[in-house]
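Each in structure tokens, the structures are laid out below.
Same chain, two partners: chain A is paired with chain B first, then with chain C.
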Partner chain A sequence: MFGTYFLPRDLHPAAWWVWALGLATAASRTTNPWLLGLIIAVACLVVVARRGEAPWALAFRLYLVLAGFIVTMRVVFRVIFGGAEGSTIILRLPEIPLPAWAAGIRLFGAVSAESVLGGFYDGLRLATMVVCLGAANALANPKRLLKAMPAALYEVGTAVTVALSVFPQLAESVQRVRQARKLRGGTGKGVRALRGIVIPVLADALDRSLLLAASMDSRGYGRAGVATTRARAATGALMVVGLLGVCVGVYATLDGSTPRYLATPVLVAGLAVAVAGFRAAGRRVHRSRYRPDRWQLAEVVVAASGVAVAVVMFGTSRVDPTNLNPSLITLSWPLLSWPPLLGVLAGVVPALLAPPPVLATPEEVPA
Partner chain B sequence: MITLDHVSFWYRGAGEPVLADVTLTIGEGELVVLAGRTGVGKSTLLGTVNGLVPHFTGGHLAGTVTVDGVSTRSRPPREFAHLVGMVGQDPLAGFVTDTVEDELAYGMEQLGVAPQVMRRRVEETLDLLGIAELRRRPLRTLSGGQQQRVAVGAVLTMHPRVLVLDEPTSALDPTAAEDVLATLARLVHDLGTTVVMAEHRLERVVPFADRFIYLPGDGSVRDGEPAAVLAGMPIAPPIVELGRLAGWSPLPLSVRDARRRAEAIRADLAAAPAPARPAPTSPEPPLLTAERVVVRYGTTVAVRGVDLDLHAGKVVAIMGRNGSGKSSLLWAVQGSGPRQGGTVDVAGDDPGALPSARARKLVGMVPQTAGDLLYLESVEGECAAADRESDATPGTCRFLLDSLAPGVDPDQHPRDLSEGQRLALVLAVQLTAAPPVLLLDEPTRGLDYTAKAALARQVGHLAKRGRAVVVATHDVEFVASVADRVVVLAEGEIVSDGPTAEVLGGSPAFATQVAKIIGPDWLTVSEVDDALKAAR
Partner chain C sequence: MRSRLIAAAAAVLVTLVAAPAYAIDHSKGRPGFCPTATGVTVVVDFQELGGTTIVRCFPSAARGTGLDALKGAGFQIAGVQRWGEGFICRVENRPSAVEIIPAQGKKNYRELCIDTPPGSAYWSYWHAGNNCPWVYSQWGVKNRDFIPGGFEGWSFSLNRTADTNPWPRIAAVRPGSTTGHCDAPVEPKPTSSNPNEQAPPRPNPPPRAGGDDDPEQPPAADDDPTAPAATSTTLPPPRPRASASPTAGNPALNAAYTGGEGAPDVNDVLREQSGASLLAAWVAGAAVLLLAAAAGWIAWRRNRARQA
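Then we have the complex of A and B:
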């Protein structure tokens, strides 16, 4: 069993998402900069250790930049708009007087350490969550995630996949047409130049989409399969009734004045009917998957490590909440206690125990 | 296998039918080639086989088409997916997924083939087409020939009984085309697949065909043995023209057949003087000198220090397999494309350093997808815009267009023109700026024999009026008819550069059919014809 465990393969994308959401959930429970920094470090380490060579894997850097931007913006905003909560003033900027109608807004003025620190903690928490999502994106192929959708949503999934592939094509086509415009001396700006690019690109895109539609049609996309008209009508009815039930149930749950029997019972019944309709629709779809991602031991390990981080963090917030959210009233160095620290470190497990990804350009294989 | 019974087809709003009362039967395991000029309805006829015509295209179909006993009237094309595999003209546009393996599996997923069977068929197909090493590659990074083979593989995994292909080799270099055609022949022989394909490059497909269907353009079809149909066709590959010239009957269809019969002609020609050919360069200083041109995309080197000089009045052909750097070199020389090193000099100026409006007055270029240059709703509008852009006297572009392709309706939309007319329009637009050097990138793509002959004449005229013309192309026969000099690129370097006869005649990959039959000194049928006439 363990002989094949570490062979390179692509993990089920959902495993990476569970892991990343676990880290993100943990991040949402704390503002302790040590813990947040540690979560970011863990995410980076796993990404570097286990990402592939695909373009989405290389986009992780963008998420890090975005995270840095978020932290900076939070701090800068605190400095510009009202930074004087608390007593430790670290900077005195001249305050810009505003007219009476803008009362409540303050520009510049005194800046306190407490408020800057508050901004920093808050920003860091959000940034950490962004980094976690970026890690999931870098580690899991978004298209394979679409493939793992339930059968009833298969066609929607294909539509999304095709739509996703349109963007690189459009970019390519824009570049090609721009170059062609140069051949006609068209460096002009304004509406005319835009038209010279937009019209050929759109014509190209339309041509392509027609060709693609013809190709998909002749390759069997949307084959009706074996379902009878009656069975189809029945599944359709189940789905619609179920979704209506869910809508009524949600409304009733949120609006306290509606009778209670419309709340939970209708919500649950609606969900049940909708799920039944979904399953019926899924069974009707006569389609198979090529090399589906399977949920194996490694997936369990990866997902469990993410869940463990979240669970430990929830546990500590019950027992010892002070160190998770350092006080902003009495300034002191945030302290770190052992349980959350070890909890976050559980997130690093995939870097060691997940099988490595398959690289597109393998090294020379001996014959 | 396929039966067309009194089939007629009208596109919506068209008075004349594209197909008129066509009756055909195609048996199992036949390789059938559809020939005819552009726009005579070859693609339409192919589309009727799986019901794309009329289910997808619209229009009115009379009569019945049945495949394996099932009428296309009764079901939409998707219900024929397991019977008929359809490969379109542009394989890239038909790809649904983004890696080779997924693409091969896509059709089977739709059919609901069991996972183990899918896995096995994908492996078998990868081997059958010789693309196993590409399995994880993104489809966009493949070369044209590889894409075409993946497109064939993607329908083969469904184990269709019939394979329908629309111009499978038109964008491929000679070697890649051979590969694809050999694969198809193998399918016919080993698996008994019925193959129906439309193709312009008859010289490539004739040896493989069991049967020919010629569409003369009036909606009828002529159907029969290749030799019999070819004898009555106005368009024909060089081998058939040579056969007609020599009066051979039945006409030879393969180079091997023709060589055996060519003894007499060879003897006659041995006595005749070798055809006179213009010198590849002229003694005057070149119009354009490019030195050590380097083009790189990231770590890939597309052009590796190429020197090129172009002389007035000469036509230079640039050849080489797909991806050998032909297009990159042309773009770099024109100045609009990237160039990381080297110099280009046209009368003291570097077109790459000039604003594009001035660069195009030195070096004009028609890119591979010529239609990208057109963006207005009428031919007239395009011509007027061209005159404005080039500061030419109004009417210049229209005059040029008339000299290239007379009688184009000024109110027509450029997208509705035939390939040949559209190319002529783009050529006219670029010539309006009166550049001394003109670069054409793959101009023969999608052109039929007639349009190609017209293009060859136009290129000849341009050279005669003192322009230097460069043509990048895979089309050996076209090169033989227009070029004075041939430059062959491989991996971004020049591997041979010399007079057309020397480069083409001596190479097994680039030799024209006539050269293969008669000998390296003779490239085209017209050369042979002239020599024979002179000898008599």
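Then we have the complex of A and C:
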């Protein structure tokens, strides 16, 4: 069993998603820059070590750029719109007087270290979650994720997968067009070069979507099968009513002021109706799967490592939340205790214990 | 511009290294009541949270906001992340992030200072002229000026309604001035829902406006983010509160108080509460560098393999 464990193969995409969502959940619980930085570093290492060579794997850099943009914007907005919370003023900008109708908005003025740091911590949290999602997109094969969808969700899943793969495909498109330009000796810069890239990329996107639509059509996507109109309407109604019931039930369960009879009873009833709808929808969709992905030991290891990070963070935020949300009462280095630190480090396990991806040019096997 | 940036970075570094050490900033304000009509006395009453009430003086002759008074008297405060210091969620690190507050309708509630605290557990804001009864502030802490020679009060409101908010258990009477009478003006109520509306400047000398029959209204939550007490949409009609009597409380009935001289080091308290270790932060930094280096090395090796 262990002899074949480290043979190169693509893991089940759901395992990568569970791992990444675990990291993202952990990130959402804290504003401690040590922990957030560590989560980003862990995600980067695992992506670099275990991504394949598919186009979606190369889009990770874009997510990093997006994360940097988010952090920068948060800090810049704190500086522009009133950053004078706290007592440590680091920069005195001239305040721009605004007319009376704009009362409540402050432009520039004094900027304090506390408010800049507050913006930085807050932005870093969102940026870390974006990086985690980017890691999942880089590691998991979206097409194989679609294969693992339950039959009833197949059509929704198709739309989601097409939407998810737009970004990576654009990245690949840009890369291809730039390479072609380079081969033709096109080294222009500025607006002309932009036009030379944007138009082929857009044309490429249109071509691709037409091709995708044609191939989906020819493979029978969107067919109604043998179900009658009435049966389809009944199934649709069941699913919509069920999902509405689930939404109301979840809201009432989380919100303490809603009447209790809207909470558990509606939630359970909604779930039951939705499950009935799913079963009815699943019965009329018959799709066979070619070589379905198997959930093996490596998948368990990867998913467990992500879940462990989230669980440790939830546990510590229940025990001592102080250092998960660093206080800005007095400026000081953010504090950190051992449990959340070790918990986040558990997320690095896939970099070592996941089987390597299948590469066209395999690197030498490490000793 | 560049040198200015460097100077700013240096300032951040210096303040990070040399953070103020005490819960009470003893370089600001002075313990106890203000001895004269110059400045304002700030009273912090922890009520059900436990802890001795603290009375300190902000001896400033200039005008300033309630926030200036609180910070100028040396209190260490924290605002919620959402509203900043316009909404104070912790005074003297109370309620701390590890304290479970028995707030109604909130199981195991802890104040994390991220969003607006619930109406059942928050710091209520009061003010009073010398020899006057405490008045629940209709204005936010940044939106009104303190009364020179008067009092600013902070009292933790736990499971109270807008009508039963507890005023600080220290009578708003400076020692040695008990024979005086209340001459503080009644503050107008906010006229708009703009959270940045400022209270109009006080005329000087202050005439006694309104009178004894001036009822206190419960604060309207949507008028002012610092007044979260009344969140219900069906407010009862305004009626006089028991505290609206024209005379100040009896100083003989004051709760025990200190000037905050023995308050513990706030950074020590935080470190102790969080179980934080200095080493852990260093390890975290080292781990980030190590992981980044490992990622760089793997990327370089894969790149080389691809080119080979």
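Basically, the second predicted complex is superposed on the first by the 238 of 367 C-alpha atoms of A that agree within 3 Å, B and C clash if a C-alpha of one lies under 4 Å from a C-alpha of the other, contacts with A are read in each partner's own complex, and residues count from 1 in each chain.
Following the convention adopted for this analysis, a residue touches a chain if its C-beta (ideal position, glycine included) is under 8 Å from a C-beta of that chain, and two chains touch if they have at least 3 such contacts.
These numbers were taken from a predicted model, which means no experiment stands behind them.
Judged by the touch definition given at the top, the superposed model places A:234 against neither chain B nor chain C. Touch criterion met: A:211 reaches chain B, while chain C stays clear of it.
When both complexes are overlaid on chain A, the residue A:250 reaches neither chain B nor chain C. With both structures placed on the common chain, the touch criterion links A:333 to chain C but leaves chain B unconnected.
Residue contacts after overlaying the shared chain place A:80 against neither chain B nor chain C. Considering their complex, residues 143, 158, 161-162, 165, 168, 176-177, 179-187, 195-197, 199-200, 203-204, 207-208, 211-225, 286-292, 358, 360 of chain A touch chain B.
Across the complex, chain A meets chain C through its residues 31, 34-35, 37-38, 41-42, 44-45, 48-49, 85-88, 90-91, 103-104, 113, 115, 118, 122, 256-257, 320-323, 325, 327-338, 341, 345, 348, 351, 359, 361-364. Across the complex, chain A is touched by residues 4, 8, 11-12, 15-16, 19-20, 71, 76-79, 81, 84-85, 90, 93, 96-98, 105-106, 110, 112-114, 194-197, 266-267, 270-271, 273-277, 280-281, 283-285, 287-288, 291-292, 294-295, 298-299, 301-302, 305-306, 308 of chain C. The part of chain B that touches chain A in the complex is made up of residues 50, 52, 55-56, 76-82, 84, 86, 88, 90, 93-98, 101-102, 105-115, 118-119, 122, 136-137, 140, 154-155, 158, 331, 334, 336-337, 355-360, 364-367, 369, 371-375, 386, 389-390, 415, 429-430, 433.
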